[in-house]
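Dropping the structures in below, format is structure tokens.
Okay, so chain A shows up in both of these, paired with chain B first and chain C after.
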Partner chain A sequence: MSTTTTRKAASSAPAPAPKGRPRRRFSASPTANFWLFTGPFLIGLVIFVFVPIGWSIWLSFFEARFTVTPSEFVGFENYKSILTDVDFRNSLVTFTVFAAFIVPLTWAVSLGLALLVNRITIMRAFFRSAFFLPTAVSYVAASLIWKMSLFNGVRFGLANTVIGWFGVDNIAWLASPDPPWYWLVIVTVRLWLQSGFYMILFIAALQNIPKELYEAAAIDGAKPGWQTFRHITLPQLRATSTAVILLLLIAAYQAFDEFFNLLSKATWGQPPLVELYKMALGENQNYGVGSAGAVVLTLLICVVTLIQGKIMGFGRGEESK
Partner chain B sequence: MKDRKRGSVLGNTGLYLATSVAALLFLIPFYLIVRNALMTDKEITGENWKWFPTSIQWGNVSELFDDPTVDFARSLWNSTVVAVLSTTGILLVCSLAGYGLARIPYKHANKVFYVVLATLMVPTAVTFVPSFVLVSSLGWVDSYRGLIVPGLFSGFTCFLFRQYFLGFPKELEEAARVDGLGYWGAYWRVVVPNSLNFFAAMATITFINGWNSFLWPLVIGQDPSSWTVQVALSSYMTNQTVNYHLIFMATAVSILPLVFVFLFLQRWLVQGIAQTGIKG
Partner chain C sequence: MSASSMSNWNRRSVLRAAMGLAAAGGLAACGGNNGRGGGSGSGANLVQYFHAYGENGVEAAVKKYAKAYKGANVSTQWITGSNFEQKLFAALLTDNAPDVFEFHPQIQLVKSGQVADLTDIISPVKSDFNQADITSHTVDGKIYGVRMIDDPQFFFYRPSMFEKAKVQVPTTLEELIEATKALTTSKVKGAYLGNDITPVQSPLIWSAGADTLTPDNKPAFNTDAVAAGLKQMRGLFTSGNLLLGAPTDWWDPSAFTQGLTAIQWCGMWAMPAMQQALGDDIGIFPFPKIGAAGKQSVINGGWSMFVNAKGKNVEAAKEYVKWLWIDQKQYQEDFATSYGFHIPPRTSLAESATKLKTGLPAEGVKLFNQFGHFDNIGWTQAMISSINDVIANSIRKDDDPKAQLAAAEKKVDAELKKLFG
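Up next is the complex of A and B:
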């Protein structure tokens, strides 16, 4: 509607706002404008997202070592070799274990922090900042702190110092897969880094719960505390919880930084992305098998996301406006 | 009401105690960075744990920047350039596209939107292999272009902008249109100036991501002169000789800019996360 007005204005009536005049040609038609606004993004999207994905799929069917313009078509050979690769399969197990710990833990910790900060009245900004500040720290920096100072295998690491006070011997946290102490290190880094972020989401959601619900519950005789939490707070947070869990899962799938840095010399505890990195950019530069791995991983992530979406009802009643 | 009051003294003590303990745990790593950065190696690795350095080693700062093995100043500069340019570029490209998708009537707009949505399903981290192949065939390895350009086309940021613009009051734009502005003029003169809060929030988030990203700079930065701060930090971990005080001074310096960003822009950051995140 407004387009016709402008078009008419352009052809006949004198311009009401002279400042708008040089830009008038952009308002020619919605279609032209649509492409003007979205064009640059879409071109970039095609070149830097779709082309690499396509290239990856294409490469995954070729024998491609040290080259990205291969000639030998091998069919599903690369897929066969990636799926029978012990390291790759172990990396999927590593991811599963990792997700089984980090997703529920982060959910619980960030929700717990949100409940604490939400109830607090004194120094609220300080406490919120204390929990939120780790979001500013990179995985690399956090890994350095964890590996070099907090969970250092020798006596001067903080963890070993503290357990030393109780007469416990030093633990080499990252040095061996058995006992798997490295999980404690890996999981706590991420917990520390990401809880504050999700806490903010929960605080926002908590503040959106209508107060009347709690008042009504109090009249009905529900005790404040566990009862109201279980029957009001938790169900009201359902949408946020679902989104948080989905985001956490996707983030866990993409785990790379802390594993790469904390377990750089280890053969154990390598998640899929680290395996892919080694395969494609390591000594062998096997782009064919690496690409097949990337395709497999992408499909897996899509499937998991969709299943989770189905189970948790993601997007239900939350259709994009 | 009465019940709550009676229990509140005890309850409050517990509440503040729990929160304080949790806050302390969350702040310990920051304390460790500062402590180690200002100590000598001998003190850090000493047998007796020291909570504070006996004398603060300010000399560690100059030692870090004079260190011949890693050009830390250069990596700081690289990170600054990359984070600033990526943030500017992403905001420009993605906000325009988000606006187009949300507000310009075009019969195939929905189809285009689905194309963007589809990319959200494919994690960018998985495509690093083919992206590297593409970028290296363009000859962009070890360059700012290679570090910045491929990251500009974020489906997720575009999606967030679209969601935001869907909620932007239509009346404001219509008033601008009546005054004779086209879409382009209305966008720059009315929509953007009235969305600065959201832009600030997105800028903060994007800047943090840019500064902290590791995998892509690691892949692209083959030559040490193109290392970002994160890649430089990581190189300390694989080095043979471990200079604890230098490593932690470097960590402190790498975190400092973001801590400032955080403290100054926290309002927008929190608001932005709260606004955008829930709708996932």
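Up next is the complex of A and C:
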């Protein structure tokens, strides 16, 4: 879309002289247009993001059980409480284990899918859609399918049926932390749900790699396959990989649905958001301590993101590479 | 977008479109379900929260009762999912809180001023209620909430399978563990206690001769007998004779009716569905005793109706609760016996309910009277959660039961101090 086109069209075919006050178009004032289009979103952002964050910070300094409008100021007591809470600290360990599994695995699978889909010549659109479709499935629905159909503990669950062909007894995948089969269920459900989305990002990045690079490499004697992938494709995908890893890491911090639905009433495998949910919105109804935990978690995400950005060079200009 | 179409958009047309959208939105709101109103009555608009009952027809029945009330427009929020209490607690803090809601008597609701005193509407019929239910809803002489149904929970078993395996009905935990071993085959597990074993946590405490709290609200569950029971349960959990990871949880009879297990912990509400599937091949027994000083036990769960004390229509809500759960005895009986089986908390109704007088339901009523333990209003959700952790760590993980009980006691003690000072 181009406003230049509009103006050219208007000048080539003069319009009849306007009657009365001339009409002003949106394009007349870029500033007004900017606020018109961004204003509603900004208002939404303020109401639904900044106000709750501010309220949460305020609540974190009050004794707030069974109320979100407390009156008893307790200073940093809630922060002390959450930082000494064993369950909260364990939840950070859970996150670390989860992130250690899911981030590299999703990166590798989505890149692999992108390379595969980018290379094939037949039914490319079909495969793209097929791999992308799980992105549209809700985490809750997928978790329930995984829990009730694929990984239930009875003989007619899909996973148990398959292992049964090899003479292995039924496994109660989610019942016990020893052995921790629940990680297999949790990681596979998230992998299925999010790989398609990151595959699309990688496909876009792959299509942006200049073909001349491969041609030049071929002239220089580089073999297609692993050699060109390692020395051309992978370095060219650096910016996208950095963004993907950053997004995956943040998504891992925000993990809630699958853990909540798959591991009800467990004390293991509880990521930070589930712990905070239990603290504030669950049985305890302690909004003060829950809010303090949310603030701590937010700061933690910011710090980790900044460190990761620093290490991987997120946002660094082309010239600095 | 073409250039010409873009040129058609000016501030005036945007304003016109916005006004049109606003008008359409207003019209839509008139006809849409906004959570308020929708009943046939006049006067105040009331919203009631119900958790989703598993039995067919309950939702329609609840909405039918609401529609029949003429004193207010009552709309029903039917909350699905397994976290009804969490949704309710969160809603009670907002302006969109329900006026009327079902829950269990818990003192934090009273202490935080979230539930209204219903003494005046219950007092005239107080003597017709099960007195244990009245006690469990009373704080400082005031009654908060009207009991709607009592739900005894026990073990259901298949007598035919017991006969085939030559097993007697267990009366001790050792016998139960032995029975599950004898009943387990390549296709059927011995017993199902729910996917996370928490449904039997209170019966386990009672059957070991202990209690959740003392009469003066002190923790009473941390005993050697309870710890020994937890250890035995850990053995049962790892024996391979317990059904784990079933697609449906303990409150649904499917695992039992589909032949996945010979014994299942469940509630009396599931009896009609079980009878339909298995005919007379069903028996029931209480949670067996643990240790020499123990005694078999049955948990008498149930649901009660409360009025949101911070709601906009407290008096109208009380009127509705009185109309439905005190005056309309035919609806109360319908609710208790037409879908799943529940015991009406009104003595007169419990005595006249014909469906509960013979066969398995009568046996359930007998166990309810003989071994039943009722709600303790001082035993709150946070305390229940502490015992959930004990079950998870001692039975599903292999942590030391004594240490886990001590940790839970500490948490419960802190909670009691906050509630009672």
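Keep in mind that, in the parts below, the second predicted complex is superposed on the first by the 271 of 321 C-alpha atoms of A that agree within 3 Å, B and C clash if a C-alpha of one lies under 4 Å from a C-alpha of the other, contacts with A are read in each partner's own complex, and residues count from 1 in each chain.
Note that a contact is a pair of C-beta atoms (placed from the backbone, for glycine too) under 8 Å apart; a residue touches a chain by one contact, two chains touch by 3 or more.
All values reported here derive from a predicted model rather than from experimental measurement.
**Student:** I'd like to know which partner A:78 touches here: chain B for first, chain C for second, both or neither.
**Tutor:** It touches nothing on chain B or chain C.
**Student:** Tell me the contact category for A:68 with respect to chain B and chain C: first, second, both or neither.
**Tutor:** both
**Student:** Using the touch definition from the top, say if A:194 reaches chain B (first), chain C (second), both or neither.
**Tutor:** A:194 sits against neither chain B nor chain C.
**Student:** Which partner does A:94 contact after superposing on A: first (chain B), second (chain C), both, neither?
**Tutor:** In the superposition, A:94 contacts neither chain B nor chain C.
**Student:** Counting residues of chain A in contact, which comes out ahead: chain B or chain C?
**Tutor:** Looking at chain B versus chain C, the one contacting more residues of chain A is B.
**Student:** So in the superposed three-chain picture, is A:270 touching just chain B, just chain C, both, or none of them (first/second/both/neither)?
**Tutor:** A:270: touches no partner chain.
**Student:** Which partner chains sit in contact with A:284 here, chain B, chain C, both or neither? Use first/second/both/neither.
**Tutor:** In the superposition, A:284 touches chain C alone.
**Student:** Which partner does A:153 contact after superposing on A: first (chain B), second (chain C), both, neither?
**Tutor:** After superposition on chain A, A:153 lies in contact with chain C alone.
**Student:** Going by the contact rule set out at the top, does A:136 touch chain B (first), chain C (second), both, or neither?
**Tutor:** First partner only.
**Student:** Based on the A-chain superposition described above, do chain B and chain C contact any of the same residues on chain A, and if so which?
**Tutor:** Shared contact residues on chain A: 2, 5-6, 9, 23-26, 68, 147-149, 154-155, 264, 277, 281.
**Student:** Name, in rising order, each residue of chain A that touches chain C in their complex.
**Tutor:** It comes out as residues 1-2, 5-6, 9, 23-26, 65-68, 147-149, 151-155, 157, 169, 172-178, 264-268, 277-278, 281-285.
**Student:** Which bits of chain B are touching chain A when the two form their complex?
**Tutor:** 3-4, 15-16, 18-19, 22-23, 26-30, 32-33, 36, 44-47, 49, 93-94, 96-97, 99-101, 104-106, 109, 112, 115-116, 119, 121-134, 137, 149-150, 152-153, 155, 158, 163, 166-167, 174, 177-185, 187, 208, 211-212, 214-215, 218-219, 230, 233-234, 236-238, 242, 244, 247-248, 251, 254-255, 258-259, 261-263, 266, 270, 273-274, 277-280
**Student:** So in the complex, the part of chain C that touches chain A is made up of which residues?
**Tutor:** The touching residues are 1, 3-4, 6-7, 9-12, 82-83, 85-86, 89-90, 93, 108, 112, 114, 187, 195-196, 198, 237, 240, 243-248, 260, 380-382, 384-385, 388-389, 391-393, 396-398, 418.
**Student:** In their shared complex, at which residues does chain A touch chain B?
**Tutor:** Chain A residues touching chain B: 2-3, 5-6, 9, 15-17, 19-21, 23-27, 30-31, 33-38, 40-42, 44-45, 47-53, 55-56, 59, 68, 113, 116-117, 119-120, 122, 126-150, 154-156, 158, 161, 192, 196-197, 200-201, 203-205, 224, 239-240, 243, 246-247, 250, 253-254, 256-257, 260-261, 264, 273, 276-277, 280-281, 287, 290-291, 294, 297-298, 301-302, 305, 314, 318, 320-321.
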